[in-house]
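Think of it as A, B and C in the order they're written, each chain with its own count starting at 1.
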Amino acid sequence: MPAYATNMRMKFPIVALALEIVTIILFAVFVVYDDGKRTKPKHGHEHEKPSNETRPELIRFELYPMFQDVHVMIFIGFGFLMTFLKRYGFSSVGINLLLAAFGLQWGILMQGIWDMDGGKIKLNIFKIINADFSTATVLISFGAVLGKTSPVQLLIMTILEISIFSINEHLVAEILHANDVGASMIIHAYGAYFGLAVARVLYRPGLRNGHENDGSVYHSDLFAMIGTVFLWMFWPSFNSAIADPGFSQFHAVINTYLSLAACVLSAYAISSLVEHKGKLDMVHIQNATLAGGVAVGTCADMSIGPFGAMLIGLVAGIISTLGFKFLTPILASNLGIQDTCGVHNLHGMPGILGGLAGIVAVLKPFSLLYFRGTAAMQAAALASSLGFALVGGAVTGLIMRLPFWGQPPDQNCFDDSIYWEVPEEEEENEESLAHADHSKNKAEA
Amino acid sequence: MPAYATNMRMKFPIVALALEIVTIILFAVFVVYDDGKRTKPKHGHEHEKPSNETRPELIRFELYPMFQDVHVMIFIGFGFLMTFLKRYGFSSVGINLLLAAFGLQWGILMQGIWDMDGGKIKLNIFKIINADFSTATVLISFGAVLGKTSPVQLLIMTILEISIFSINEHLVAEILHANDVGASMIIHAYGAYFGLAVARVLYRPGLRNGHENDGSVYHSDLFAMIGTVFLWMFWPSFNSAIADPGFSQFHAVINTYLSLAACVLSAYAISSLVEHKGKLDMVHIQNATLAGGVAVGTCADMSIGPFGAMLIGLVAGIISTLGFKFLTPILASNLGIQDTCGVHNLHGMPGILGGLAGIVAVLKPFSLLYFRGTAAMQAAALASSLGFALVGGAVTGLIMRLPFWGQPPDQNCFDDSIYWEVPEEEEENEESLAHADHSKNKAEA
Amino acid sequence: MPAYATNMRMKFPIVALALEIVTIILFAVFVVYDDGKRTKPKHGHEHEKPSNETRPELIRFELYPMFQDVHVMIFIGFGFLMTFLKRYGFSSVGINLLLAAFGLQWGILMQGIWDMDGGKIKLNIFKIINADFSTATVLISFGAVLGKTSPVQLLIMTILEISIFSINEHLVAEILHANDVGASMIIHAYGAYFGLAVARVLYRPGLRNGHENDGSVYHSDLFAMIGTVFLWMFWPSFNSAIADPGFSQFHAVINTYLSLAACVLSAYAISSLVEHKGKLDMVHIQNATLAGGVAVGTCADMSIGPFGAMLIGLVAGIISTLGFKFLTPILASNLGIQDTCGVHNLHGMPGILGGLAGIVAVLKPFSLLYFRGTAAMQAAALASSLGFALVGGAVTGLIMRLPFWGQPPDQNCFDDSIYWEVPEEEEENEESLAHADHSKNKAEA
C-alpha cells in the first residue's frame, strides 16, 4: 500500500527539523526586538518624521494580558475543542500545539514582510498577537480535515495557508482600508473556506457512510467543553486586542461579550428545537455558542450599540445551529465536503454574517465616528477573503493530495494510534480491541 | 405521567428565545456604552458638578484582566466544579454556561436600574464585573438543586434570584453602607440560603435513600478539580475586583491569597481526621479548600493583617469540612434539604463566618482607616442577605414546583440523558446499560 | 508491617495543622502588608535615603496579571502535568495543591528573612510571585518521587527544600550578583537535582521491574496535556515576571515565547525519530515541549536575539527528548534513580543548559547592556545551585526515609487509594479490581 505509507519515521522528523532550522535562519537575518525606534514613517502618517528617539510605548507591553488571553484561545481553546472525537484527542491537542507553534513563527515572518523597518521585522507584543491570529486560520482549517490528514500534510498546509493569509490581510487592511478588527472575514471566513476547499479536494468516498471513530464518548465531550468555554470567555480579547486603544477597544470588548451571551441562548433554543424529543446536542453547544464571537468580529469596534451586538449574536447562534443540523449532512453527501468539526457552521457562515454586518454597519450614521472603510471596500474585503480562501485552499489541497505525505488510509482515520503511541487500556475488552487494532495495522503494513 | 413531561421541545426553546428577545429590547431601550460622561453627580458626592467632559477613566479598562479572572471563575470554575457527578457533566458545565450567559444580561439590567444616568444604564468594565457577580448567586443555588431540576426551572430561578439579589445588594451597599467587598454575605450566603430554600421546597422523598448516579467516578472527580483549582487561584481577583484602587485593592488580593492558602491546610487536615483510615475525601478537597476565599470576602479590603486573613481561612476550612462530613447528612435526613453540592458548607456557613468577621473587623482599631460601616450596619447587612435569601428562595421554589416546567422524575435525576443527546459508549457493558436506560425512558414516556 | 503504617489518621492532620498554626504565628510576628514606605535603603543603593514617604508603586500592582499567570502554572500546570498516571490523578493535582499552598507561605517567610525592613517582611505582589517561584522547586522534586511518597514526607520535603532554596537564591542573586531571571539554575536545575537526590536515597529495588500502575491511560494523558499547555503558554510570564520593567521584561517575554515555539518542533521531530515506526510519544510531547522555557530562563532578559532564543529552544527540545528515551532508563537501572516524571529531562538538563547559555551570553558583546554578572559568577551560581541541590536533597532524603512518615509499600505505589477515598467504578470488572485492592489493603494492615 505505497500510497499510504503512514510510517512517519524520517519523513516527519526531517520536515519538522528542516522547517525549524530554515525559520531560525530567516529570523537571524530579518527579525529583531522592537527597540522603540522607527527609521521610516508609519504607513499613512507620511507627515511623521523618522526619528531616532526611543519610544517604549511602541512595544505595546500593555497588551500583554490580552495577548495571553488570545494565546489561551489558540492553544487550549482550539486544541481542546477538537478533542471531542473519542480516539483522536492526542492529535487534536497535540497536533494543534505543533501547528500553532510553527505557525506563529511563520506568521511573524509572513506578516512582518509587509511592515519592515530598516529591512528588519521589529518584534513587539502587537506583532505576536497578530502571529497568534495567523495561526488561527490554520487551526480552523485543521478542524475541517481533522482525523483525515497526516502531520506532514498539516505542516504544509500551515506554510501555505499563513502565507496566503498574510497577502489577503495586507490587501484588506492596507489597500482596501476595510475594517475587520475581530477578523470575521480575514480569519474566520478565510480559515473556514480554505479548510473546506482542502477537504473537498481530499474527499474520501470511503467515509461516505461514516466511520465508527467519527464520534464522541462522554468524557471526550467534556474535554471539548474546556476548549469551548475558554474560547467563549476570552473572545472579547480576540476581537479587541488590536483595536485602537480607548473607546474603540472598549466597544470591541463590550460588543463581543454581549454578542456571545445572546448567542448562547439562541444556540441552546434552536438545538433543543431541532433535536429528537427536545434534547440538547453537545455538538451544537460546543460550537454554535461561539458563533456570536465570530459574527460580531468585523464591526466589534464600531458603535453598533449593545443591542446591535446582541442581535448579531442571536442570529449567529441560530444559523450556526441550523447549519450543524441541516447543512453539514448536505455538504457531505451532495458536495463531497466532509467537514469533521463543522467549521462551516462555526466560522464559515458566521464569518460571512460578520462581513455582511460590517457592510451594513459602515452605512449607518452611528458608525461615523469609527468610519474606516466604505461599504464597497467592506464588500471587496469579504470577496477577497473568500476568493483567496477557495483558490488557495484548492491549490493547497492538491499539493496535500500528493501520495507521499503519509496520509492515513480510510479505516485508520480518526484514530490516534496511527501517529501516536497510545497506552493500552486496563479493561480486558479494550485491550482486546487494542490488540485487534494492532494486528490490523500490522496486516496493512 | 403528565406531571413529569420532561420533553423540552417547544417549551424550552420558546422560553429561552422569548427571554433573549425581551432582554434585547430592554437593552435597546435602556443600555448604552459608557461614554465617560456623567449628567448626574455620583451618589454620595453631591458636591460633584455634572459635567459634559469625557473622562475615559470611568470605563475602568484597567480592570479588564481582573474581569477575565472573574469570568473564568464563573464559567470554568463553577461549571467544572459541578462535573463531579458521574453522569451529569454535560448539564453541569452546559447549563452553567446557559444560566450564566443569560444571568449576566439580566444582571446588567437589574443592577443598572439603581445606577442610571440620564435614564440610561452605562455599560463599562466595572458593570460587567458586577454582572458576573450577580450570576454567581444563581450558580451557587444551582449547586444545591443540581441534578433535580430542568433547564426551564433554572432559567426561572435565574430571573428571580438575580432580581432579588439586586434589591438586597442595593440595600446593603447604598442604604446600610455596609462593607462586603468580596461579597461573603450578598453573594455567598445569599446564594447558598436561596438555593437551600429552593431545595427544601423541591424536597424529593424518593431520593431519601440516595440515587445510584448521585456520586462520582474517578475521571469526573478530576474534571471537578479543574473547577476547584481555577476558583482557588482567581479568588483574589473576585474579592478585589471592585475594591477601591490602591491599597484597598492590594489588601483584598493579599488577604484572599493568604486565607485560601491557610484554608487548604486545615481542609486537608480535617478531611483526613474524620475519614475512614485517615484518607482524604475528594468532596472536601474540591470544596472546603475554597471556603477561605468565601469567608475572607467581607473584610478582604480591611487591614485585618496577613495573619488575620490566615486565621479566617483556617477556621473556614475546618467548619466547611466538618459541615460536609456531619451536617449535610443531617440537613438531608432531618430537615428535608437535599443539597447536592453541599453549598451550605462551601458558601453558606463560610459566608456567615465572613459576615461575622466583618462585624468584628469594623470594631477593631486597625480597621479605622477603611471604615465604611458600623458593626450594627454590618449585622443588618448579614440579616438582610439571609432574609432575602430564605424568603426569596422559598417563593422561587414554589414557582419552580409548578408541574409544567419539565422537572425530571426521581429515577432520572442526576442523569444527563434526560435533557441531552448522550453518546453511546464503546464498551459493550456500558452499551447494554445505555440500552436499558433507553428502554426505561421509553417505558416512562 | 510497622515500617509502612500508611494510615494517615492523626499523623497527617497533626503535622498539617501544626505547620499551619506555627506559620500563622510567624506571620503574626514578622509579616505585614507593604505600606509603600522603606526605613532602610535598598540593598546596593546605599545612597538612597530612608524616607517616610509612601510610594504606592513599591507594591508592584502592575505585576498582578503576571502573578496570576505564574499562579496558573503552579497550580494547574504542575498539578495536571502529573495526572498522566492512570491511578494517581487525585494525588497529582491534590497533593500539588497542598504542597504549593503550604510552600508559598513558607516561601514568604524564608525569602523574606533576607529582605526585611524594620524587622518586618513587607508583603507585595513581587514577593508573592517569588513565593510561587519557591514552591516550583518543590513541585519539580515532587515529580521525581511521584507515587512513592506520603503526604507527610512531602510536607517535610517542602519545608527543607524551600529553606535551602532561599539560601542558595540569596547567595546567587545578592552575593554572586549572577543573573538568573527565569531561574534555569536556581529553580529548575536546583529542583530537579534536589528531587533526584531524594529519589536516589529513597531507591526502591522492588520497583526495578516497573509497576503496573506506573503508566498512563488514554484520558489521563489528556488531563496531563491541560498542564502541559498552560505551562507552555504562560512560561513567558514565569521568565519575565521579576525582570526589570521595560525592555528587559519585554525581551524576557519574547525570548521565552520564541524558545518554546522552536522547542516544540524539535521535540516532535526527535520523538518521532526515536520511536517505534516514527510514532509520537505522549511523554515527550507533555514534557520536552517545555524544555525551551527552562533553558532560556537564565538569559531570558538578555539581548540574545530572537534567533538566539530559538536556538536554545531547539537544542533543549532535542536533549530533553533524547533524555526521556535513553537516559531515564539508564538512571533507573544503573544509578538507582527512579525519576517518575523524568524531571531530569525537563528541568535538570535544560536547567544546566540554561546556566551554560547564561555563561556564554555574558561573554558576548550584545549582552553588555544588561550585564549583571561575569561568566565566573554565572558559573559559580550554577555550581552553587547544583551543590545545594545534591547535598540538600540527600540530607532531606535521609530524613524522609525515616520509617514513620507513612510511605506506601511498593505494591501500593502509584495508587491513589492508599491516601484517598476513591469512588468505585460503574463497570463490574473495575469493581472487582477495587475489591481485590481493598482486601489486599486489609491483609497488609
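The rule is simple: contacts are C-beta pairs under 8 Å (C-beta built on N, C-alpha and C of every residue); 3 or more make two chains touch, one makes a residue touch a chain.
Which chain is which protein? Per UniProt: A, B, C = Ammonium transporter Rh type A.
Keep in mind the model is a prediction, meaning the values are calculated, not measured.
Q: Would you kindly give the rotation angle relating chain A to chain C, two copies of one sequence, based on a CA superposition and rounded to a multiple of 5 degrees?
A: With C-alpha atoms aligned, the rotation comes to 120 degrees.
Q: Over half shared or under half: which fits the residue numbers at the contact of copies chain A and chain B, same or different?
A: Counting shared over all numbers used gives less than one half: different.
Q: Measuring centre to centre with CA averages, how many angstrom lie between chain A and chain B?
A: So the centroids are 33 Å from each other.
Q: Touching at least two other chains at once: which residues of chain B meet that condition?
A: 65, 219, 226, 427, 429
Q: Once bound in the complex, which stretches of chain C touch chain B?
A: These residues of chain C touch chain B: 7-14, 16-17, 19-21, 23-25, 27-28, 31-36, 56, 59, 61, 64-65, 68, 71-72, 75-76, 79-80, 83, 87, 89-90, 93-94, 97-98, 101-102, 104-105, 123-125, 128, 151, 219, 223, 226, 419-423, 425-429.
Q: Would you tell me which residues of chain A are touching chain B in their complex?
A: Chain A reaches chain B through residues 65-66, 69, 86, 215-219, 221-222, 225-226, 229-230, 232-234, 237, 246-247, 249-251, 253-254, 257-258, 260-262, 264-266, 268-270, 272-273, 275-282, 285, 289, 303, 305-307, 310-311, 314, 427, 429-430, 433.
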